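You will see chain A twice below: alongside chain B first, and alongside chain C after that.
Then we have the complex of A and B:
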């Protein structure tokens, strides 16, 4: 009797287990791995990524999840180091079995994790990395980018400059390393294409003490526009010394998106006034979606969202829309659903271009005035995107 | 002819004048360094951090409402006891060791690291900048020059002249030089040698801090600013002749002019290699530097 009973219970338990396993697959959370810098220099960026993702996930889950399944975020620290990022990504794919992966900040990390994703046959998306190569010559069928790339920022800024000063004489001043030279080259190509002429360029060593030694060449060239991609403390010195020497008068000063930031803007003070740059986001975007987003973000994190927070927030809605369109989290079906997908973000409607996996979005030109970035220009998504240069798929 | 005049007015003259203002800044930083080296025979690797401390003190006191002109006096005065304590508490301990150069170098290097991290903890890692105390600019022969830079050149010359006078012409200077030249002889003649050394060190530290106050509005204030001028300042001290005030002034002005003019012809990235080549050349041809040591002339 006892034996029969135990067999019966065993059978019953077995069926129950089988039933519960079956039911679980539909109600199981969808796992998204997040490999982002939670320590080191890029911590503030990783913080924004985390805040944006968590806010959108909370909203989506509260509204019933994606196809009835909740989203679960699993965070790993990439330390802004590509080799660490690859290890963490492998762990998330192989051990945690995540369905999707995002968060990489350093462009090198994004490229490296993209290769890991190809091997694991999973998809990833970056919400931060700017390097054009990610969706041009080093594009990958498994990598998507929902934020604007450097080329889009540059195009928006160039279009704005050309409107302010048609056929301008432009002078370039960049830090003497890869980033400085590539940003100057990109902007130069773009602005010359709009009819401007280059009247000189200088590459200064990082941490230059005195930029006054370049002012002679700058004066002699008599430019109407100065483009610079120096960053951090170098910007403080360049802009304040230009102000002291009266060089900022009758000169439009524009630059890369990392030139004037919340970290150095107070030290630059009034010398930053008038500085303009191209950006994919501003808290001042005047749409109901953005206002709602900014309010919710502030309430949750006691801080303003920036570009990275907004794009990471938008990513969750991108993923949701794609899964619902594909009715699956299967890699191939999901990829197909993502290509050409249109979805709503705080910046407005974005479109994921199928040919190179680069999001098309409206771009903004923001200008500094008394410590605040004001939107002074807007360029439509199609105008700023540039040609599809991806040949791998 | 016109392009040539254009070149002089827009390029050459401003380049030389801004080079001069950088030169004065370098000499100001090098002045304390050369005095500490020349008189105490101590290589003070923490000199840059004392310069940073001066700038941060000016920033903090300025934010608390202290007038800039008062800061020029107050900040060096605050730094004197700090320098005195550092000399008595740390440097004196290793001063008599057989490899004084190595031990003092390591000690002050470590001290510099501690100060730098301390500034980072107290004031945060971001760049800050006090307002420029004198605004506006004047045009000299078609060259626009900010008033504050002119002020800096004038004040710099005055400070260097005053320090040279004190060291070479006053009784105090004579005592210090005597102690440096032969400490045993000076001690037997009644000179309180260790106190003289500590005060001399404190004087050098106060000069570094004064340079910090003066240069902060131009070069901005951040925790690692101490490293900014230190290589150039050391080069100036070595080329000028360790411990020679005259040498530091001449070397400082010549080297910054070479750098300024060279950057017109070759990429500015070559500025530092050129400066260090000058240093190597001087060390090969004239190891004691252009001018002799202070107190050993």
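Then we have the complex of A and C:
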């Protein structure tokens, strides 16, 4: 018995010692945990997140760090699975004692990790997830979003379409699953609010081989604009089949931000020409900050940054600005400093709205021409942001 | 005066009884190790490892259900995640309305019996590779349905499952207390183990084992293979569902990924690594796999390759799993002490 007691006392003493050694001192690095997919389908996105964060961290550290402390990034693979993400987040919070956490990609992971952070009394930010729910009905006082949400992308695109074709007749073609239906519903609501009329909608199964069966319906409706939210190889088939059937003439084709991406654009070829979408970032943004960022990113990673890389890069500067404003990494002080914070990113100045923790930023409409996305329109941050629908805090 | 039952049953001569006793010893060692682990966890004020171990136990419960089918009835289910997820979602939905541990567990039990019996009416007709395919298909259908149902949170799942007080009669433990909930989960898993082990020692259990050995002879002995298979399927569903019901209490959310094939597949890897047909192997395997995944996952993004290689090595070098290595040794010990 005495032996057990002495072992326990020893263990306790050991921990006490370990705790006192680990009490944050000014010279210790500030730890940021990154829970992001490093394996599986979402690996390319996780890669961009990693590159963006590492580049900004290198820059900040070279310039003297944050309040004299260096930033240290600790990566964990979440496999785009909320169960794994939550476990890894807890490890970073409890074992590594990170001061802040980011990196989650799919919205399920962001929501679940956000709740873990809330229970651990820590803060997280997502740089990728765009589901509106994260900063609306499922908002959390401990979750921030520095990237544009789906609503912002949709508003920017709708504003551009309304300018091209006032009172347009719009046809909708979405993939038949929850996300596909909700993106169509959001865009429909936005564009109808701007005076357009809907002339029909159809939902095709995921991974459809043949879209021609819907073309009769599409032609009969005589739309001026087609909105689609299919993605990946479905886009390849839809757009090339439309081109083959000569349907793309006199029709403005617009879509969700994931419809045409750098992964499938070469497979679509010339059929992608004219496709437009709303986005929070383009490498073509003509500002000195962006040019510097794109150059540094290319030099470091031998690849162009995309939306996710740019937003993740901007996050480190958001965190730096917040910590310097709060003069602390304490959760409550940091949260207060983050609310209403303005900071500079490659996309220009962003503002963190205090009411729902959603970043306000200028939005762009980009259009494909010969395999490149060109900026064809811009919508101011205040115009695209939409109302604050978070009621929890 | 000797107890007449020992004379009648002659337990030490019966291979099944002996194997079960060896499993009991192994589970007793498991529980002792778990209790020691919990004591150390409390002493050093740990949160993460206790909660990771709780998750490991929950997935051990799922593996236990796979072992009921694979190890004793000889049926490979590729879709046990269906019941794990069903238990988790039912528990989550109940907890959102009534924060009661017992209500959530009871609801998960009822749901799994009903769905297990209904699905059982489809799957009890088939065996072998067809059983594997039908169970796989059912789980995929359920996962897709949940993934697309907005009322169930669709692809995002349900968050905001409250921390629940677990009323044990003599005291209350909060589900977010790391050590407390670890012990409760340990208790639930041990009860599930004991219930299953008890059932396998009854004539019903012997019919199941007979099914695995030679299904065609079973009817000649006067038993219905289909009824036994249906019962085993429902039993496995309940074990998986009750384990799953603990998940939202621990993590505070459920997501459709819980019903995906990766969940079912991991449970099979767990059972094969731990030892098919040992029950105790599911418990040890669950802990080993969860710890390995956590450690290797933090070490390299290629963790799936490492786990895959370890799994292949286990199949080649330990064809009967870890328990296949230690159980015969314990059986010998038990036989010697009984003599």
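The rule we apply is simple: the second predicted complex is superposed on the first by the 369 of 393 C-alpha atoms of A that agree within 3 Å, B and C clash if a C-alpha of one lies under 4 Å from a C-alpha of the other, contacts with A are read in each partner's own complex, and residues count from 1 in each chain.
Basically, contacts are C-beta pairs under 8 Å (C-beta built on N, C-alpha and C of every residue); 3 or more make two chains touch, one makes a residue touch a chain.
Since we're looking at a predicted model, the values are computed, not measured.
In this overlay on chain A, chain B fits alongside chain C without clashing.
By the touch criterion stated above, A:38 is placed in contact with chain C alone, chain B being left untouched. When the shared chain is aligned, chain C comes close enough to touch A:178, but chain B does not.
When both complexes are overlaid on chain A, the residue A:138 reaches chain C alone and has no touch with chain B.
Once the two complexes are overlaid on the shared chain, A:312 sits clear of chain B and of chain C alike. With both structures placed on the common chain, the touch criterion links A:220 to chain B but leaves chain C unconnected. In the superposed model, A:115 makes contact with chain C only, not with chain B. Once chain A of one complex is fitted onto chain A of the other, the partner contacts of A:210 are limited to chain B, with no touch recorded for chain C.
In the superposed model, A:90 lies in contact with chain C only, and not with chain B.
Overlay on chain A (Cα): least separation between chain B and chain C is 11 Å. On chain A, the surface touched by chain B in one complex and the surface touched by chain C in the other have no residue in common.
Listing the residues of chain B that touch chain A in their complex gives 6-7, 10-12, 14-15, 18-19, 21-22, 126-129, 131-132, 137, 144-146, 148-149, 218-220, 222, 228-229, 259-260, 263-264, 267-269, 271-272.
Against chain B, the residues of chain A that register as touching in their complex are 176, 202-205, 207-210, 212-217, 219-220, 232-233, 236-237, 240-241, 244-246, 263-264, 266-269.
Taken together, the chain A residues at the contact with chain C in this complex read 8, 11-12, 14-15, 38-39, 76-77, 81-84, 86-88, 90-91, 93-95, 106-108, 111-112, 114-116, 119, 131, 133, 138, 177-179. Interface residues of chain C, counted against chain A in their complex, comprise 40, 43-49, 51-52, 55, 147-150, 154-157, 159-160, 163, 176, 251-253, 255-258, 262, 294, 297-298, 301-304.
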